[in-house]
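These notes open a run of structures that come right after.
One chain, chain A, appears in both complexes that follow, with chain B as partner in the first and chain C in the second.
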Partner chain A sequence: MTQEQVKVQPKSMEWKYRLIESLAPVLGFLFAMVVMMVTVQFIGESPIKALSAILTFSFSQAGIAYIVSQSIPLIIAGEANAIAFQAGVFNIGVEGQYLFGALCAGVAGAYLNLPTYIHIPVVILAGMLGGMIWILIPALLKIYKGVHEVISTIMMNQIASAVILYLVNGPFNGVRGVSQSFNLRTPYMEPTAVFPSLHNVINSVTGLFGFKFPHYVAVDLSWLIALIVVVVLWFLLFKTSLGLRIRWIGQNISASVYAGVDVKKTLLVTMLISGAIAGLVGLQEVAYISKFFTPNITRGLGFTGLAVALLARNNPLGVIASGLLFSFLSRAGYGLQMYTKVPNSLIGIISGLMILSVVVIDQILRRYARTLRRREVG
Partner chain B sequence: MFDFWYFLLRGLQLSAPMAYGALGAVYSETGGVVNIAVEGMMLTGTFFFVWGATLFKSWIAGLLFAIVGAVLISLIHGLATITFKVNHVVSGTALNILASGLTRFLSMQVFGMETQSAVNPYTPPTFLRINVIAYFFIPLAIFTLWLLNRTRFGLRLRSCGQNPWAADSLGVNVYGYKYVGVILSGVFAGLAAATLYPYQWIDAMTAGRGFLALAAMIFGNYNPLYAVLAAMLFGYAETLTYFQSQIPLLSGISPILIKAFPYILALIVLAGFLGKTKPPKADGVIFEKGEG
Partner chain C sequence: MSKVDTIKERIPLIELKGITKAFPGVVANDDIHLTLYEGEIHALVGENGAGKTTLMKILYGEYRADKGEIFVRGKPVRITNPSVAVALGIGMVHQHFMLVPGLTVLENIILGSEPVKNAVLDIKSARQKIEDIMQKNAMPVDLDTYVEDLPVGLQQRVEILKLLYRGAETLVLDEPTAVLTPQETTELFKTLKALKEQGRGIIFISHKLNEVLEIADRITVIRRGRVVGEMPIEEASKEKIAEMMVGKPVVLEVENPRIEVGGHCLVLKDVVYEENGVKKLDEISFSVHAGEIYGVAGVEGNGQEELLKIISGEIYPSAGEIYITDKVVNRISPMGRRQLGIGHIPADRQAQGLFIDMPLYINVVVGWHWRKEFQKRGILDYKVMRSTASTVVKNFDVRTPSVEVPASALSGGNQQKFVVGREISFDPTLLLAAYPTRGVDVGATEFIYKQLIDEKVRGKAILLISADLEEILALSDRIGVLYRGKIIKEFRREEATPEIIGLYMLGVKEE
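Now for the complex of A and B:
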């Protein structure tokens, strides 16, 4: 930061240093890809074949459509983590929050009888409310008791797993007589609560570029929700005083206390926002794809969201790119699995390695740019 | 019939993975390195145990493999956080993802199956029906307490977690001590892996126990003995679900709720009885020699 103010010479090479600093994501990605190809060669498969399998499987019409569609929950989960990280809060509980939020949404969709223009907002609000309820206890414990959010949100994740199983087994069981079975679920949602498809709207735009999303890929209201979340979070963080306070707390909590920030209130608001966004993660699956809630809902999105946020450096706009990247990687894994001898799991290794190499290279480049700056200043 | 002695021993065994994981995390965080990667280190350890044991037809080889596997992950964590000064949480999260992929990938290469290994007949011997390795976590917790608070090594490790700049100015090799803390957390994660379920590796078999170990460490206020006791709270609560039908008082309650009970209890305890937990002052802080 301080280096940026030292612009003594008029012909500064500052843009060059900025460029060097911004190369890390590209270099990290390339490094991970090289390691992947070497590994592919090592287990006796042709890297060229693997690469072409990834490219053809990912960048076909269906491939692109799936990547975009499946990035939606990842982006939302990424945003839930990003806003918390911005305030220096490590919300490892997005996992439990989205499970409980999804249950609330499923229940609101199945048990209420409302006209559709009210029912859908109610389902969305139920999801957000569920997420907020699930982060409320950790938030209060952190603020009033100083209990570290990592421990309390992990506890809440465990409790969520049990509670959703209990509730879907008991009061909200949609398949009577079946207990703890594989098909355990809530009743089907009312047609008035199911998310509308946005195929027509989206395709009329992408059609201009000759691209159509196939009907079997989920293009639904959750896309719009994700977009709104991204825009609102970006605006909140960078254009409002609340956002400024959130980022202050994240950067230097004791300085923000001296600056007169009400830390308790800001932390509470930030965590509730994070929980509310987390409550939206499961909505695509519950309110559009399956139309009921089940404890067998896709798990682990909260933890992937953690990685999505970190790779985007908790920038709400960056989360879009990082969510798409993780969605692409998961698609690439299936491509490899299908067309080559390379197991899907290699992508897991590569995802982890990519995050690591991006941050390590980032550190190295920053250091290098700093040395160059110092040399320039003399 | 409710077999109380077996309940006690079984609880010890089920507590062991969390207890060892928590002890390891205490070493790492005492040295100032936040270790979210315990889950990944434990998972890697479980695979390496089965791999080593079946390869050399000996559980001791399995144990050594488990420790080596977990230490390898911890070394990457050390390299990233200490040498390359990457954010500790980012590195830990990345390593958890990496470990999950790595174990499945290796299982495919070694056993030809991606989600489980072959059955491993070379498991640690049992004493009174439970894994012998599970008996050592309480003595090791006491040893750790002594080591951290009564020895020169402990003082220096703590100084790296409290104020690495001061430690550095007094000539302590801060990077070295931090590495030792992180590597020890790998060693303990290996022990945790050997007590989890040495008969077979199954995908994602740690099932969040590494995170519970972290929770136990914070719950125990970064004190090895309290951390182990917190781990035992989780372990015994899990045990209770297996013995529930034999206990008249509990047999009417849904087993699902019993499963959630220890976590609710932990929250209540944290809310009501404990004050603030105090992590080492420079826990998670990036230390750079010659700055600050």
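Now for the complex of A and C:
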């Protein structure tokens, strides 16, 4: 009887439902683009002209190179947010964690004297450690006192801003004299701690397709770091038992407790991993581009990382695509600003709209797929 | 005969004619006719997936029928969405309530149709109107309590009040008793009878034949999308309905041999659990042997939840000792206890037993992911997980297109079969079975009963917790009655009758 019933079932259309579910980012992007074009029209600029401005500015050799290079910190920030989201944690504090992590990395690079093959790993670990330290308090507060991480991590962001100012003004100040307040920074990193360039390696590959990254675009060790983070996170989440438990607590705490998962421990581990990854966000800038830490370091990457993760639906591989997309959008903004009278800030609105529509479309598609599945099962 | 005539003279409140609805691969409703008169309780029974819910969703405007007509008071109508249904006086109480926990009862009732006077919310008149409805129907609820603080029975009452407040004449109740205690069920039935007296029509969807026979005036049986029988209550019997539902005679009296019992698998010795100074469990002592089913009977809320949690390890006892196969486990975590060989069919499959959006091959390791065959050095072996899931699906007759679909795609009965199958498959020495057939149809219930009895015969110890006295009596070798956190009486199956157990359950008799 059992076998007969198994046979009677129609052939599963599961792959089709999965496809439907994964369409949200694409549809959201298209929708946002359409809205942008309409808005451009309202501003009184030609949508065609705006589009061509975006395309020529973004897809020149330099444009592509910048987009790829500048996507690196976005991808890392996206991963830091994605793993937290997978466990149902809103790590709004990636911002503060990377500020503090970047400071730690800068300090480790400037004040230690080590051979390069040790110094660089130490700089990387210092960044990760800084990020972990900065998430530890919110993590402990959440686990033992039930304090919501959104509130505590936002407060930690404020504290981070103040603390790095204090530390770079005080103990880790690298410039003395008149220009101090303008050029506030830590001392230059030792040459042994500076990230090596990967131009030769990368260009020897992309050269085969006739593409070279210009020397003024950052192509450095942080690319490799981002790649490792992506692969490791993907493997962790989808191939390991710990990853399964992380995804479980993100979906349903009471079922996780039923399954025997140590929810507190898993939450702590996840948040620490998220913090450690966040600590890597600023490394490209600190250890390759400027070679010191400054409180004037690029801000806001943590918040963009939230959007990057959301658009990728917290999939570590998807984060690459969405990181590139956000990098493209920011480039597109400059393109618009330069060649048309459309303000750059429109891109900010479009990014927001894109996130919003992806979230909404995602829900609609998931429900649609669920209905289709139910119909199939009957 | 005369009663049938009087029914015929009344105006049909609702008439469904030739309703047909096909989904890809399955005809959910096939030429269904259903008539509901004023002042009638019409029971709609059928197995899970027979098409009852689809039919009601068509009536309520959530689905559109492919073919067929709907008449309300003799007039043809097109119900394109639920608000049309509401306007036509049709109301539905879903199995999962649609209430906002953080709002008060009053706010929940008026939500969506708030009375407005001079552009300001007119709470006063709403309150008056609701109080009138409550008084007229003898359904009191404190309007200023927050819904999250109400027991399930009263939440359901709020749902019904919501419908009455919107002037519903036809009430559709989807398995309303699935979540209720026997007392709450009695209360609900009183309410339903009162509503019927006022001339309202009620469509009552249920699996529980006893209840159907108690409350309904007429019964329509659906099987595989077709009406297989319609009869007035006088002509119905449990056996007859059950046979129509599944298409073959169901042995509701399951064969349950008593076998030679082995050693203790679970012992509780004077276990106390205190929460905020209240003794939720009060010096509980009992033991379950290998080869027996120990049934815990009792009205819900007398400590069942805490008893389960204290054995599974989610909470630790304040005093006393718990032994699992002669080992004290008082402070051992849920994971540690599972590793000692506890299988656990949870009370709520959707909230606890399954990750509803994850595929079956992941759900098959819930609670068992630590087992060696599923991981090597912390890396999951999806191949083994998939094949295990396929085995469970095959052995436990879970109807699903594949193990790749998320658990949410399965019907409730099939979800439950999957959970039961999973917990049995890993060969536990002790099986905790909490409400194992809640919300499950007759066919699946019988199947699950057989599985539990088979496990017992194979020498497993089973602790059964259920609100269904019949289930307890059908399965248990020994029965303990839980009352106010205490096992106040133990019976051997032979000495137990529903009446006597009932008296202890309600605390009328105490040792």
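Convention: the second predicted complex is superposed on the first by the 340 of 378 C-alpha atoms of A that agree within 3 Å, B and C clash if a C-alpha of one lies under 4 Å from a C-alpha of the other, contacts with A are read in each partner's own complex, and residues count from 1 in each chain.
Heads up, the rule we're going with is that a residue touches a chain if its C-beta (ideal position, glycine included) is under 8 Å from a C-beta of that chain, and two chains touch if they have at least 3 such contacts.
The structure displayed is predicted, hence computed values, not measured ones.
Undergrad: In the superposed arrangement, does A:F90 touch chain B (first), chain C (second), both or neither?
TA: The first partner, chain B, only.
Undergrad: Under the stated touch criterion, which partner chain does A:R373 make contact with: chain B (first), chain C (second), both, or neither?
TA: second
Undergrad: Looking at A:V360 after the superposition, I want to know if it touches chain B, chain C, both of them or none. Which is it: first, second, both, neither?
TA: Touch partner of A:V360: chain B, not chain C.
Undergrad: Looking at the overlay, does A:L141 come into contact with chain B only (first), chain C only (second), both, or neither?
TA: The first partner, chain B, only.
Undergrad: Answer with first, second, both or neither: which of chain B and chain C does A:I350 touch in the superposed model?
TA: The answer is first: A:I350 touches chain B but not chain C.
Undergrad: Which chain A residues lie in the overlap of the chain B contact set and the chain C contact set?
TA: In the superposed arrangement, which is not itself an observed complex, chain A uses no residue for both chain B and chain C.
Undergrad: Considering the complex alone, what residue numbers of chain C touch chain A?
TA: 23-26, 28, 49, 312-314, 333-335, 337-338, 344, 346, 351-358, 362, 365-367, 369-370, 374-375, 378-380, 393-395, 397, 399-402, 404-406, 408-411, 414
Undergrad: For the complex, give me every residue of chain A touching chain B.
TA: 43, 90, 92, 137, 141, 145-148, 150-152, 154-159, 162-163, 165-166, 169-170, 303, 306-307, 310, 343-353, 355-356, 359-360, 363-364
Undergrad: Mind listing the chain B positions that touch chain A in their complex?
TA: 76, 80, 84-87, 89-91, 93-105, 108-109, 114, 208, 211-212, 214-215, 218-219, 254, 256-257, 259-260, 263-264, 266-267, 270-271, 274-277, 279
Undergrad: Along chain A, where are the residues that touch chain C in the complex?
TA: 1-3, 5-6, 9-14, 239-242, 244-245, 247-248, 251-252, 254-255, 257-262, 370, 372-378
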